[in-house]
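There are two complexes below, and they share chain A, which is joined by chain B in the first and by chain C in the second.
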Partner chain A sequence: MSSLDEVLEGAKTVFTVFGLPITESVVNTWLVMAVLIILAIVLRRNLQMYPDKRQNIVEIIVEGLTGLVTSTMGPKNKNFTPFIGTVFLLIAFSNILGIFGLRSPTADFSVTFAYGIVTFFCIHFFALKAKGWSYIKGFGQPFIFLLPINIIGEVAKPFSLGMRLFGNLLGGSVIMAMISGAIAIFVPAVASIYFDLFSGFLQSFIFIMLTMVFITIAKDDDD
Partner chain B sequence: MLNLDPVTFIIMIVNLIVLYILLRWLFFKPVNNFLEKRRQKVHDDLDNAQRDREEAQRLLEEHRQLVAENKQEAAKIIDNAVRQADMRKEEIIAQAGQEAAAMLERAKAEIAQEQVKVMEELRADISNLAVAVAEKMLARNLTAQDQEAIFTAVLEELESHAN
Partner chain C sequence: MEWNEMAVAAFALLGAGIAMIGGGFGPAIGQGYAAGKGAEAVGRQPEAQGKIMTTMLLGQAVAETTGIYSLVVALLLIGIVNKIL
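Coming up: the complex of A and B.
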C-alpha cells in the first residue's frame, strides 16, 4: 500500500522519452492493456459450438455487454458494444489495480479527463453523423439565448465524467492509505474489497452508463 | 494531481483508441461473429427439426391412407373372387344337371329305339312263325288273301297281348 503522502503527491514520473515524462499512470495503463489483450487472445481461442467453462466466461462477458448496450442505447446501436466494452474493461481493470498495491491510473485526472474527452468526441461525432446540420441548430433550442448554456452543458460533460471518476478513485485511494496507516492488519483487506473492487466496478459502470446515455441522447433524440 | 499533464493526457487518448481497435479485432468481433453463427445454427436446426417432423407426420398420414386403401382393395378382390367362384359353382352344377338330363334322355331314346327294334324283329319272327304254324295246321297252301287275313288277325291278337 502506498502511504498517504505518496497518494496525494500524484503520479510519479517513471522515465522520460525524448524529455517527455512517462508517469506511473501511463505505465500502469500499459500493464492493464497488456493483461486485457493477453486475456482476449487466450479467452477467445477455438470457440466451440458446445462451450466449456472458459468459453462460458467469454460469452457472459460479450453477451452481458451486448445486452447492456442494446438495452441502454437500443438495438440499432448494438455496434457500440466493442467501444463501450473496451472503456468498461479498461477503467474497471485500472480501478482494481489498487488491490495489487499499484497506483490506479484512474486516480490521475490526466487519465480520466482523457477518457472523458474521447467520450465527448464520440458524442458529437456520432450526433453530427446521425443528424447533420440540425444537430448544430439543436443548440439554439428552444430559444436562441439558451445557446451559451447549451454549449456550456456540453463542454461540462467531459469534465464531469473525468472529475467523477478521478474523485472517486482518488478518494478511495486516500481512504485506503489512511486505513492502512492506522490499522495495518485485516481491516485494510476488508476495506479494499469495497474501495478497490466494488467501487472500482461501480465507477466504471457509471462511466459507461453515462457515456451510452449521452451518445444516445445526442444521436437519436428527435427534438 | 489535479493539474493536467499533457503528455499523459495524449498518451491515454491514444491508449484508449489502440486498445479499442485491438480488442475489437481480437475479441469482440470474432466472439460476436461466433455467437451470431451459433444463433443462426440453432435457429436453422430448430427449423429443420420442425420441417422434418412435419414431413414425417405427412408420410405417416400418407402411409395410413395407403394401408387403408390397400385393405379396401384386398377386400374387394376377395369379394370378387368369392362371387366369381359362386357363379362358377352354379354354372358347373347347372351344366352337370344338364348333362345328366341329356344322358338320361339319350338313354331313354336308346331304350325306346331298342324296344321298337325288338318289337319289329319280334313282329317279323312271330308273323313268320304264325304263317308256318298255319301252313302246317292247314297242310295246304293258303291263297295270298287268306295268308294276309290270318296274319293280320294273329298280329292284332299279339299286339293286344303285348299292350
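Coming up: the complex of A and C.
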C-alpha cells in the first residue's frame, strides 16, 4: 500500500519514449487491457448450446448489460451494448486495481478526462448521424442568445464526467492511504472492500449510466 | 521561510478546510434526502426495490459530484502547500 505522499504526488514516470513520459497510469492500463483480453480469449473458448458453469456466469453478465442498455437507452439502441460493456469493464477493472496495491489508472485526471472525451465524441457523433443539421440548429434553441451557454454546457460534460471519476478514485486512495498509515492490521482490509471494490464498481456504473443517458438524450430527443 | 510564504501556506490550508465544509454539507444533505425518499419508496412498493436502489445510487452519485469538486480543490490547495514547504 502506497503512502499518502506518494498518492498526492501523482503518477510516477516509469520510462520515457522519445521524451514522451510513460507514467504508471499508462502501464497499469496496459495491465488491465492484458487481463481483459486474456479473460475474453479464455471465456469465449468452446461455447456450447447447453452452457457449463463458466459460460453461465458470462451469460449472466452479458444479459445483465444488455438488459441495462435496453432499459436505459430503449430497444432500438441495443447495438450500444458492446461499447457500453467495454467501457464498464475497463473502468471497473481499473478502479479495483487499488485492491492489489497498484495505483488505479483512473486516479489520474488525464485518464479519466480521456474517457470523458470518448463520451463527448460519442454524444455528438451519434447525434449528428441521427439528426443531421437540425442537431446543430438545436444549440440555438429556445433563443439564439443561449448559444454560448449551451456550448459551455456541452463542453463541461467531459470535464464533469472525468472529474467525478477522478475525484472519487483519488479521494478513495487518499483515505485508504490514511487508514493504512494509522492502523496497519485488519481495518485496511475491511475499508478496502468499500473504497476499492464497492466504490469502484459504483463509479464505473455511474459513468456508463451517464454516458447512456447523454447519448440517448442527444440522439433521440426530438425538440 | 519568509513571512509571505508562510501566510500563503496558512491561507491555502485554511481554504482547503473551508472548501471541505461546503463540500461536506451539501452532498450529505442531498444524499440523505435521496436515501430517505428511497426508503419511503421501498416501503410503499417493496417489489420495486432493485429499481429504486439503482435510481437512488445514481442520484446520490450525481449529488456527490459537487462534494468531489471541493475535494479536488482542497487537494490542489494542499498540493500547493506541499510544494512551498
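Basically, the second predicted complex is superposed on the first by the 223 of 223 C-alpha atoms of A that agree within 3 Å, B and C clash if a C-alpha of one lies under 4 Å from a C-alpha of the other, contacts with A are read in each partner's own complex, and residues count from 1 in each chain.
Rule of thumb we're sticking to: a residue touches a chain if its C-beta (ideal position, glycine included) is under 8 Å from a C-beta of that chain, and two chains touch if they have at least 3 such contacts.
All values derive from a computational prediction rather than experimental measurement.
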Quiz item: Since both structures carry chain A, what do chain B and chain C do when superposed there: clash or fit?
Solution: fit
Quiz item: Is A:L8 contacted by the first partner chain B, the second partner chain C, both or neither?
Solution: both
Exercise. Give one of first, second, both or neither to describe whether A:L128 is in contact with chain B, with chain C, with both, or with none.
Key: neither
Practice problem: For A:R164, select first, second, both or neither according to whether it touches chain B, chain C, the two together, or no partner. | Solution: second
Quiz item: Which partner does A:I206 contact after superposing on A: first (chain B), second (chain C), both, neither?
Solution: second
Practice problem: Would you check which partner chain A:L31 touches, where first means chain B only, second means chain C only, and both and neither mean what they say? | Solution: neither
Practice problem: Using the touch definition from the top, say if A:R44 reaches chain B (first), chain C (second), both or neither. | Solution: first
Quiz item: Who contacts more of chain A, chain B or chain C?
Solution: B
Quiz item: Just chain B (first), just chain C (second), both, or neither: which does A:V174 touch?
Solution: second
Exercise. Please work out whether A:V58 is in contact with chain B alone, chain C alone, both, or neither, and reply first, second, both or neither.
Key: first
Practice problem: Working from the superposed arrangement, determine the closest approach of chain B to chain C, counting only CA atoms, in whole Å. | Solution: 8
Quiz prompt | Doubly contacted residues of chain A, that is, touched by chain B and again by chain C | solution = 8, 170
Exercise. Could you please specify the touching residues of chain A with respect to chain C in the complex?
Key: 5, 8, 160, 163-164, 166-168, 170-171, 174, 202-203, 205-206, 209-210
Quiz item: Hey, which residues of chain B end up touching chain A in the complex?
Solution: 1-13, 15-20, 22-24, 26-32, 34-35, 38, 41
Quiz prompt | Interface residues, chain C side, partner chain A - complex | solution = 57-58, 61-62, 64-65, 68-69, 71-72, 75, 78-79, 82
Exercise. Please name which positions on chain A make contact with chain B in the complex.
Key: 8-11, 20-23, 25-26, 29-30, 33, 36-37, 40-41, 43-44, 47, 49, 58-59, 62-63, 66, 81-83, 85-87, 89-90, 105, 108-111, 113-115, 117-118, 170
